[in-house]
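Note that the chains take the letters A, B, C, D and E in the order they are written out, and that residue 1 is the start of every chain.
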C-alpha cells in the first residue's frame, strides 16, 4: 500500500535497459529492482555483511577437472515482465549484448557499464533450456561475484520493440520484483510491483515506487521536509539535526565503502617506508572527525569495514596513538627538525567522497603533528579520475605521492585485488600506486583458485590482514550510507551493502 | 466687444536651482482679430509669455504675478476641465519645431481629429473629415493620403502646415505662433507666412507671432512689440516700428537686419550680450549695451513713454525726445 | 608678439592672377542602403558636377535651399569627405597630385554653423584653439592661441580656461573663428557661420570677419541662406539648386538681374521690409524635390513656371550672359541654342 | 583593489580636462546616497585589501569542534562556517576574490571593449562591419548563458571565471562604445580637428576618447553589479572559484545546508553580495546623474 | 513590412552561423576528455579509444564541425554522452519547461514592472518615485539564486505552503493548468521575476520620464488634452522600446534561469545545462546552448519586427 517517493543523488534516472549507469545508485534503484542477476546479494539482514545467494541461477559449480568450466542451473518458471520465459538462451543473449560487438543486440551503452565487470569470461553456451556453461580465461573463483553485476533483460521485449534499445529504454522488461511503469528522463521513474515475481517473499508491498533525481543535497532536504518525497539518499550532515527535529528518521549502516589515501609506491616515494605508513595511520584521530560528518561514519580499522566477513584479525591495530607514531617517525629518520614533505592529490567533490576538503584538511593537521607536511594538489573530480587512471608514475600527477579516493569494495576483485595486483599497474589497470609484491600476488592467485566459498573467505581474510599489517593505505573512514526517511516509511531494513531491498517497505 | 487679450503687469519667475526672472512687469493688449509680432533676441522671454498664456509652465517652479485675460477669461484662475477647454479651444499654439511638437507614433489625421473630438465632442469619422478639411485649407497636396501619414514622412514645411491645421482645427480666437518659420527655408517660410496671413483673415482670429526676424514681422503683422530681457521695450504698429523706431535696441535690431546696408560698410552692431536674468532688473536692462546710455539709465527703471495712442517706448531718451 | 607677425601663411605660389581655388566638375553621391540585402539601392546626388573658382582675396557667397549641397561642397573642398569625381586645384596645385591633403588643410579652414557642436566640450577654449597649431607643429601654439583669442575679442585671461558650455553662442563662434585662424589659412570656408546667432550678435561677428579678412588677406567662401548677409559680405554669389550650380555672378550684377528663374524666386522670397508693400504671392510652391531621384534635364523644371519640354529632356549648361562675362547661369532661357521657345530671351520682366 | 581602477576618480588621469571631472566629483559629493555607497564600497575594498593586517583569524583554519557557531559567539563575532572557520575573516577575505572576479572582468572588458568600439566607430567601413558582426554573434547569447557556457566548458577556476566573464562583458561595452563613438564622430568638432590635418590617432586621442569614455564608463559601472552577481553565481553553481578559497558565492553554496542549523549565518554571504551590488548600482546611478552636464 | 522582416531575417543568418561555431567550439575549449564522465572508472585505454571513435571524437575539427552542422540541419544534435538519448529530444523537452517558467515569470514581472515604472516616471522626483526606484534597484541587486533558497526555506520547509521543487506532482510530462500543478510554478516564477521587475520598472520609468519632457507632450496639453490622453500618448511612444527591453528580458529569463532551475530542480533547459556541465556531457551542453541562443536570436528578431510594427519610424530606415 502506498507510494514511496525517493530522492536520489543521481542527476538522471539510471539507464533502464538492463545494465545500469549512475554507479551504485543505478544498480540499487534501477538494477536490482527491475532486474535480477544469476547470483545476487542477500539484502535481508541489517546485522551481518551480505553474502552471495542464488538469484536467477539456483545452483552453480566449477568442473573439478577443468577449473575454467562453470555450470549454472537456472531457476525454473521465471518470467519476464512481458510474460516471456527466462531461460538459458536468455542468459547467452544477455552476455552477447555486452560482450559481442557484432551481435544484433550489442548495446554499447550497456556494454560500457557491464563488460569490464566480467573480465574472467572467455565463452559461454546453452547446455539445455535451464543450464548454461561459462568458460573463464583462467581459473577464477571470483566469477560468481562478477556475475552478480550482470542483469538479465528480456530478449522477447527487445524483439517486440523492433530490436531498438531506445524503445526498450522507455518500456523495459526484466524479471525483477518491480516493473517500470513510466519514466520521464531526468525527472522521475515510477515502478509498480510485479505480481508474478518468482520470490514471493520479495513481492513488493507498496503500490508504487517513484524515483526522483535530486542531485543537489539541499534540494533533497527541502523536498523531504516539504513532503514532496518520503526518502532521500545521502542527506547533508548539517541538515540531519533539522530533519530529526522534524521527526524524520535517519537510517544508516556500515557498508563496503572506504575513504582512503591510495599511496604511491613508485621509486622514491616516502610511503615505501612501512614505518612512515604505520605512523601516518596512527596519527589520525578518526573519532575527532566524526562531528564534521554528523557522526555518520565508521572509523577505519582496516581497508574493509570492521564488520566485513573478510576483515580477519590483523595484528596492526589502526588507532590514534601519537606516541607510537612519533616513535616510528623518529626511527625512520624524521623529527621536529627534519619534516617529511609529501604531496597529496585531492578533489573538492566527487561521488562517495563525503566531505573531502574538510576531511583532508583534518588529515593535514593531524599529519603535521608527526612532522609530515602535506601539500595538496586540488583537482576537479573528473580530472582526478583521469589522474587515477594514469597512475602514480605518470607525469600528469606532478609527483603527487597519494591520491584521495573512495572505493566500492564489495567483492574480492573490487575490494582487494584491483588495487594492488601487479598485472593491473596503472595505466593498464587500477593499481594506482604501482605496488607489486610477490606475497600479495600469491594471495590474489589463491583467491582466484579457491573455489570453496568458505576457504576463499579465509584467503580473503588473510589478504586483508596483509593490507592492514603492511599499512598499505592511509585508511581513514567508511561511509555509512545515510538516508533520511519520512516517519511514514515502515519496514525498511538497511543491508550492509550498496544495494537495498525495497520489497518489504510499506507506507503508513 | 471685449478685448481679445489683456495682460497686465505680468511678472514671472522660475525658481529652482537657479532663479530666472523671465518676465518683468509685462503688459500687452490686443483687440479682436489683430496680428501682433513679438520680436526679441533669444532668451528675452517670448516663449515664456506664450506658454504662460496657455498655462503650460511647470506649476511648481513658476511664480506668476499679474493678470491675464483672454476674451474676458481670467487665464490664471483656470484649472481642470475649464483649462482643457480653453487650451486648444480658445487659444492654440504653433510650435517652433513641428518635428518635435507632433507625436511621432500617431498619424497626423489622428492627431488633428483627437483635438477636434475633444473640443467639439463629435464622432471620430466627423473629426477625421474636419481634419481632412483642415489639411486642405493649409494647402497640403493630396490631403486624403497625407491624413494617414506619420510626421516623419513629411517635409519640414508640410509638418508646419499640419501644425497650423491642428492649431486652427477648433477655431480658436487667438493663435500663438512661436517662431513657426525659423527652422524653414526662405522659400518655404514665405509660403507659410502668406498662408497664416490668409487663414487669419478667413478665421478672423487674433495672432501673436513670435520671431526674432524683423523682416518676418513686417510680412505678417500689423503691430509689433519688442521684448528685451523679459520686458516690452517698445510697441507700435509695424509701420511705426520700421519707420521710426524709438528704442535704441529696436534701432540696433533694424540695423542688424542688413536690409540696405552698403556692402562692406561697417555695421552698427549692438555690442555685448543680453543680461542674465538672475536678478530682477532695477534699471534699464539694455543700458550696458546702449550707445546712448548715460547715468540716468542706471538710476532706475526707464519710464514708459506713450508718443502716440497704443504706442509706447521704455527709454529715457525717448522721453527726452518726446519732451523736446 | 603681435598676431600679425605670427600669422605666417604659406607663400603665394601662383601669383595674384591665379585663382586661389578652382573646382571642376565636383561630384559626390551618397549611397543609400536598402533592400533586403542592404545593398546600395540609390544615391543622394548631393553634389553633382559643381564647378567654380575663387579669386585670391575675394569672398564667394553660396546660397540655396536646405539640402542643395552647400555643406557637402564645403566639406569636399577641405577633404572631410572624399569626392567621387572632379578636381580641386588650390593655388595652381591639384589636390591629390602636387598637393597633399595635409598641406591643403593648412591653407583651408572651416567654421561650422553649430557653434556648440563644433567645439570639443571636454577641452578648454585655449586647448581647442591651440590644437591645430600643435598638430601642425607651429611654434608656441599657446601664445598664438592667446593672441588670436584676443584678436577675436575674447580676453584670454578670462576665457582661456573656460569650457564651451560656459560661453554664449556669439562667443563660441568667435572661438571657432580663432581656431580656424590659428592655422594661418589662406582660405576660410564659413558654413552658415552666423545663421544660428541672434541678429545683434550676428552683426558683431560679421564686423569681425570683415576686419580679419582685411588684416590677414583672407579669402572666404561664405555659405548662408540669408541673402542680406550674403550680399553684405560677398563679392560674388553662387546659387545652388539640388546639387548643381544654377547661377554665379558678382553681387551687384545678380542683385540687378537674377538670370535664373530659381534665383529670382529665391530673391523674391526675401521679406520685403516694407509694411506697405508686403509679398502677395509666394514665389515658389512646394519643397525642393528629393535629391535621391532628382528630376531629369534641368533640375528646376518641376517648379519652374517657364519650363518646357526641352527643360525636362536636356540639362542646361552654365554659360555667361550676353554682355556680362562674369555672370554665368545654367538656363535654357539664356541659351540661344537650347530650343526653348524663349531661348536667348531670358526671363520675362 | 579592482574598484580603485574603475572608481569614480579613475578617468581623471586619462585626460587633461580636470575641470570636467572635478565638476563630476563635486556633484557626486553632493549626492548623499552615492556617497554612502561609495563609503561602503571603499570600506569593503580597504578591508579586503588590508585583511592580513586587520588581526583577523586565519580564514582557512577550521576547527571541527567550533563548527557553525551562531553570530555573536565569543571570539567569533559573525560565527563560524561549516568547517569551523571564522566567518568574519572569511567574509572579509572573501571580499578579495569576490570583488576581484566581480569587478575585474568589467575593468578588462571596459578597456578591450572601448578600444574595439572606438576603433569600429571611428574608422567605420569594413573594420566596423567585422568587429560589430562578431559582437552581434556574442550578443546572440544571453549573458548568463554565455558565462555559464564558457565557464562550464573551461571548468572551474579563478582564471577561467575571469576569462568567461570578460568575454561576456566585452560585446555590450563594445556596442555602447561604437554607438557613442559614431555619434561623436558625426559632430562638427571632430571634422574641425580632422581639418587641421591631425592624424586619426591624434584625433581619437585628443577629441574622441575624452568624450566617449565617460558614457562608456558610466555604462560599464552599471555592469559591475551584474558581474558581481554573476561571478558569485558561477561560484555558487560550482564552476567559479574552487574551495577552500573564501568567496561569497561559494560560501553561499557551501553554507546552504547550514541554513537549517543556523539560517542567519547561512544568509551572510548573500547579504554581502546583495549589499555590494546594491551599492554598485546606486553609485553607478549617482555617477550617471553626476556626469550628466546638461542637468 | 515584409521586406523589413526579410532583411532582418537575412541579417540573422550570419549571426546564427557564428552562434553555431561558438557552440561547436565550446566542446573544443573544454579541457580533458569529454568521455571521462561516462566511462566506467576502470575502463582500459582500448575501451576508451573505441568509445571515442563511437562518438566521432577521433576526427579532425573541421570534419567534426561539418558532420555536426550537417546532422544539425536534419534536426540531429547528436546524442547525450551521459544518457545516450538524442540531444534534440532532451533539449526540446527542457526548453518547453523553461518556457513555461519564463513566461510565468514574465507574466508576473512585466505588468508589475510597467505599472511601477510608469508610476515613478509620471511622479518623477516625488516620494513615490523614490520608493519605486529603491524597489527596482533592490530587484536588480538581489542575487536571485539566494532569494530562491530563502523563499524555499520560508514557504516550503517552514510554512509548507508551496512545493520546493519539480514541475508538478507527476513531473513535467503530465503538466496541467490546475492549482495542483501551478503551485509548483509559484516560487520559481516569483524568484525569477524579481530581476526583470526591477529592469522593466527602471526602463519604463526612464522612458516615461523622458517622453514627458518632450515637446509634443507640451503640445498635447496645449491643444487641451487631458492627463489621461497624454498618458495614452506616452504609453504608445514608450511601447516600442519597452517591448524590446521586455523581449530581451524574456530571452534572459529563458536562457538565464539556470541558477533558479537548479535551486528549484525545475526540469528546464538551465537545469539540463547544469547537469550537462557537471557530467561534462559536452554534446548536451553544446546542444542546449545552441537551442537557447537560437531561441534568443529568434526572440530578438520577433521583437525587432514587432517594434517596427508598433513604431512607424523604424520601418523606413
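Assume a contact is a pair of C-beta atoms (placed from the backbone, for glycine too) under 8 Å apart; a residue touches a chain by one contact, two chains touch by 3 or more.
Chain by chain, the UniProt names read as follows: B = Peptide/nickel transport system ATP-binding protein; C = Glutathione import ATP-binding protein GsiA; D, E = Peptide/nickel transport system permease protein.
Bear in mind that the values here come from a model prediction, so they are computed numbers and not experimental data.
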Count of contact steps on the shortest path from chain B to chain D: 2
Between B-C and A-D, the pair joined by more C-beta contacts: B-C
Cα-centroid distance, chain A relative to chain B, in whole angstrom: 93
Distance between chain centroids, defined by C-alpha means - chain C, chain E (Å): 55
Distance from the mean Cα position of chain D to that of chain C, given in whole angstrom: 50
Per-residue multi-chain contacts in chain A, two or more chains: 218, 383
Where chain E touches two or more other chains, by residue: 31-32, 149, 153, 157, 262, 278
In the complex, chain E residues that touch chain B: 214-216, 218-226, 229, 233, 236-237, 239-240, 310-313, 316
Chain A-touching residues of chain D, taken from the complex the two chains share: 62, 64-65, 67-68, 82-83, 155-156, 238, 242-244, 256-261
Residue ranges of chain D touching chain E (in the complex, touch as defined): 133-134, 136-138, 140-145, 148-150, 152-155, 225-226, 229, 232-233, 236-239, 249, 252, 256, 259-260, 263, 267, 270, 273-274, 277-278, 280-282, 285
Residue ranges of chain E touching chain D (in the complex, touch as defined): 14-16, 18-19, 21-23, 26-27, 29-32, 137-138, 140-143, 145-146, 149-150, 153, 157, 251-252, 254-256, 258-259, 262, 273-274, 276-278, 282, 285, 289, 292-294, 296-297, 300
For the chain B and chain E complex, residues of the former touching the latter: 51, 54, 56, 84-89, 92-93, 95, 97, 100-106, 114-115, 118-119, 150, 152-153, 166-167, 170
